[in-house]
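Two complexes, one shared chain (subunit A), two partners (subunit B, subunit C).
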Partner chain A sequence: MRARMKPYRAIFRQQLLTGLQYRAGYWGSTITHVVWVIVRVAIVGIFYRYGRGQAGVTLRQAVCMIWLQEMALNLMPGFGMDFTVWNKIARGDVGYDLVRPLDVYNHWYVSALSDKLARFLLAIVPVTAAALLARGDMGLHLAASPLSILAGLLTLATGLAVSCAVICLCYAAQMDVNVGDAPSRVMMIVSQILAGSLLPLQLWPDALQGFLRWQPFAAMMDLPLRFMAGSASLSELPPVLLSQLVWGVLIWRLGRAWIGRNLRRLIAQGG
Partner chain B sequence: MGETFRQSAFGLYTRYIRILALAQLQYRGWILGLLPSLVYVITDPLDAILLFDRFGALGDWTASRIFLVYGLALMSFGLAELFARGIDYFPNLVRQGEFDRLLLRPRPLLMQAAAMRFHLNRLNRVIAGGLLALVCLRAQGAVPSAANIAMLVLAVLGGMLAYAGTLLIAAAVSFFTVGDSELINLFTNGSYQVAKAPPQLLPNWLRRAFTFLMPMFLFTYYPAAAVCGWDGSRLMGWLALPVCALSFGAATLLWRFGVRHYKSVGS
Partner chain C sequence: MSQITLRQVCKTFVLRKRQKGLLGAVRGAFSREKELVRAVRDLSFTVEEGELVGYIGPNGAGKSTTIKMMSGILVPDSGEITIMNRVPWKEREAHVSWIGVVFGQRSQLWWDTPVLDSFELLRDIYRVPQADYRRRLDDLTALLDAGSLLRTPVRQLSLGQRMKCELIGSLLHNPRILFLDEPTIGLDAVTKLALRAFLTDLNRREGVTMLLTTHDMDDIEALCSRVMVIGKGSLLFNGGMDELRERYAPYRVIRARLARECAAPDLPEAESVKLDGLNAEITFLPAKAAPAQIIARLAEACPLADLTVEAPDIERLVADMYGEMAL
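Right, the complex of A and B next:
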């Protein structure tokens, strides 16, 4: 078992370290994201202050979710993603990955994991600093207890496992020539939105909350962040983990089966 | 052959665009190719729609007011991306050393740069923004008089120039830096996010940045206010095109400065 895991561990380690090295445009992109959050926070704040309706979460909790999202979005499919595997599939270089004595699915899963994790780690320091510097209601106020923050971090980590399975599902769709690249791109956009990237899911219509709570993408970002913002209690922890487990296994198996089917039908051309 | 050689810059530009568009239509699945960008464009205003659904109108600011401003911005940006996609792509051209090819041709550089790329899927923003603006104008009960129509058309043209100018500034900067200038996204894709709230209620620095630095509210809010009779002077509504044309001119100067300082690495 240990020996079998070794190549994947090596790929993970090497790609994580590469990901943490200097990236072109790191600061430009960080500043962009921070200004982006400030705009989103300002807009949500205006609706809270001047609108007449009610929300189940306080402005502080909503603002907290939006700040945390700016880091957690790096864990989502398609957000600032490394398109290496994607491009390999599109251009046919995928042949190189197929001749390696490795399981292709595990290889791509581990690459996605290291890429997402590196981006997330790089975002933590500058975004947290900006969030703490922002004044008044616009700033980051972690209303939760240390235990809730831990629960948030734990479920964010387990949510990453689901997110990487979704990324591999997108690769599978991209490989399927009959489908073209439109479905996988659409899948990435939809999964981000349903993970709460446009607006924290608790601000969506009350009638939809039941659906939003249990669909697979909420468990990747929105549900974990609720713990940290204090808009969900610790008693929510078991259902979140259950949702992640069920969806994670389901999407993993689906992606594996789809990639397997694609490989059987794949014709490698040229040399 | 002799005739094509004498072609005007504009004639050549339309020829480039026509060829690039026809090439994309060759793919049987080209309609499917428009889908991801369509989903992206349609879902983008979802947060504002959901916020209006939950919180209701913000005083005078109903959803149709917000989305009129947003739609005008979206359409302007779509037009700039449709017709100046090459400028958006320009930094890659410099980075990969392909700019030299353009320099060798005895044709206007800016025209060549703008015509390097053309993507049909950029039509999504133009159509969605235009339809959204029309629906909202109806909801606002705007009078379709000649003056009003002219004001809106000129405003959208101004907006197109302002966005093209923004892309051109990013292109000019690429002569001097290697990195991705993701910052420019704040003034392109990011600008119409700002239009999701009433400008009067935004933080002052944000409203000023998008009125004076990148004049997004000048070519969206003021013409809309003049046409729908919200407030403010009608004169402000006419300012969009001249001001945006000036800013595009300034961006052109910056780009020319960049071209003069371009150092080819040869091949």
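Right, the complex of A and C next:
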């Protein structure tokens, strides 16, 4: 098992090294995260002050969700992503990936996982520091119990497994010459929105809450972060894990079968 | 049993054609024209262990498609491919552990990090023990004089330096077969000579079987014991370089510079005689006429300032062959 995992550990290490190559890009990305939080908190604050409706969460919980989202955003498909595999598929450069003694799906899944995790780990320290330094309503107020925070971290990790399966599904769609790359791009954007990256899902209209709760992308970020922000109780942990398991397995199987089919019908012309 | 065997292999691609312009794009959304391209048709050949074989043909002839099928990347529509007793696309993971591939127009190295990081990643992907990796890397870098490149990020390497590193990367896991798809494309003369010397040495020392596609006929002449010519997906020639010459260009050319202008000499044994001022070009078949006799008769007719006897230019020969294929 240890020997079998060695190539995948090496891919993770390489992805992390790649992320550390450019200091300017790293600090630029960190500053963008913080500025984006300020803008989003200002907009949400205006809605809370002047809005007439009743939100399902308090302003402090909403601000807390926004900070946590910014920390977790790198785990989402398409956000700050390494498009190496994507570009290889688009340019017909997948040849080298197919002459490695690795399962192609696993190879790309681990590349996606490494990329997402590496970016998350690189961004988490400065963004958390900025969140803790912010004062008043702008600051991060974790009202949840340590157990809820643990539940949040656990479901965020399992949500990452779903996120990487979605990324591989996008690779599969892009490989299929009958589909092209537009559906994959749309899928990435839709998955980000439905994961609550623009607006926490609890702030969406009540009529949509049932759908939003059970669609696959909620389990990637929004549901895990609710535990940490204190807007979901621990009793919701089993259904969240079940949702992640069902969607994760479904998307994983679909992506795997699709990539397998594409490989059998692969066209790679021109040198 | 041969190390590589291809029997009656066929591969067809479906091309979807689109018409130009806005109207064409709108039409294309509803119906598209399909065209079947037969990239490889009924291709059969064998390669023995330790052979260094050149695989040539014009652009679009099916060379790269053949290499990709032998590498396990593409699945043929019909026919059999057996390499080291395995069917490449059915046992892809086991198969690729024993082969190395260099695609001259692509890169397997990580663009942003030093070369050594890519090599260590390849070491772990192929599960090469550390001691073997160290020894192999030392050997290969010494042979290619690439030691100073290892800590340089790939993006800062010249094309020649990168190609040396691509070759090292493909050989770290000690493959028994190396597929080289245009490895010398775009390289300067010095780097080409260094790569050729390296490949010859590797073939002799370790008995690595090599199949090389290239458009550079000097590569073929310098490296290959056998050459296969493919055109429109079919094998047109399979044999030694001398045999290729004998079959397609059996003539020799005497180029002479005359000391003074004179009338065209009478040389009935020559195939053709061209005289342009002080330059004479005489084509003859060695099987029909001895060169010494022709040169003696030429010297009798006109005093000579300089003279060479040349085999036909291999580039010319192959260009003629490709021209015939296009007809």
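Of note:
As a working rule, the second predicted complex is superposed on the first by the 252 of 271 C-alpha atoms of A that agree within 3 Å, B and C clash if a C-alpha of one lies under 4 Å from a C-alpha of the other, contacts with A are read in each partner's own complex, and residues count from 1 in each chain.
Methods note: contacts are C-beta pairs under 8 Å (C-beta built on N, C-alpha and C of every residue); 3 or more make two chains touch, one makes a residue touch a chain.
Here the structure is a predicted model, which means the values were calculated and not measured.
Legend: residue contacts after superposition of the two complexes on their common chain; A:L102 is shown touching subunit C, with no touch to subunit B.
In the superposition on chain A, A:D93 makes contact with subunit C only, not with subunit B.
Using the contact criterion defined above for the overlaid structures, shared-chain residue A:G51 touches subunit B, although it does not reach subunit C.
In the superposed pair of complexes, A:I189 makes contact with subunit B only, with no contact to subunit C. Of the two partner chains, neither subunit B nor subunit C is touched by A:R261.
By the touch criterion defined above, A:Q14 reaches subunit C but does not reach subunit B. Overlap of the subunit B and subunit C interfaces on subunit A: none, as no residue is touched by both. Across the complex, subunit A meets subunit C through its residues 3, 6-7, 9-11, 13-14, 17-18, 21-22, 93-96, 98-103, 177, 263-271. Subunit A contributes residues 24-25, 28-29, 31-32, 35-36, 38-40, 42-44, 46-48, 50-55, 180-182, 185-186, 189-190, 193, 198-199, 203-205 to its touches with subunit B in the complex. Within the complex, the subunit B residues that touch subunit A are 29, 32-33, 35-36, 39-40, 43-44, 46-48, 50-59, 178-183, 185-186, 190, 193-194, 196-198, 201-203, 206. Of all residues in subunit C, only 13-14, 16, 39, 64-65, 68, 71-75, 92-94, 96-97, 99, 101, 103-108, 110, 112-113, 117-118, 120-121, 123-127, 153, 181-182 touch subunit A in the complex they form.
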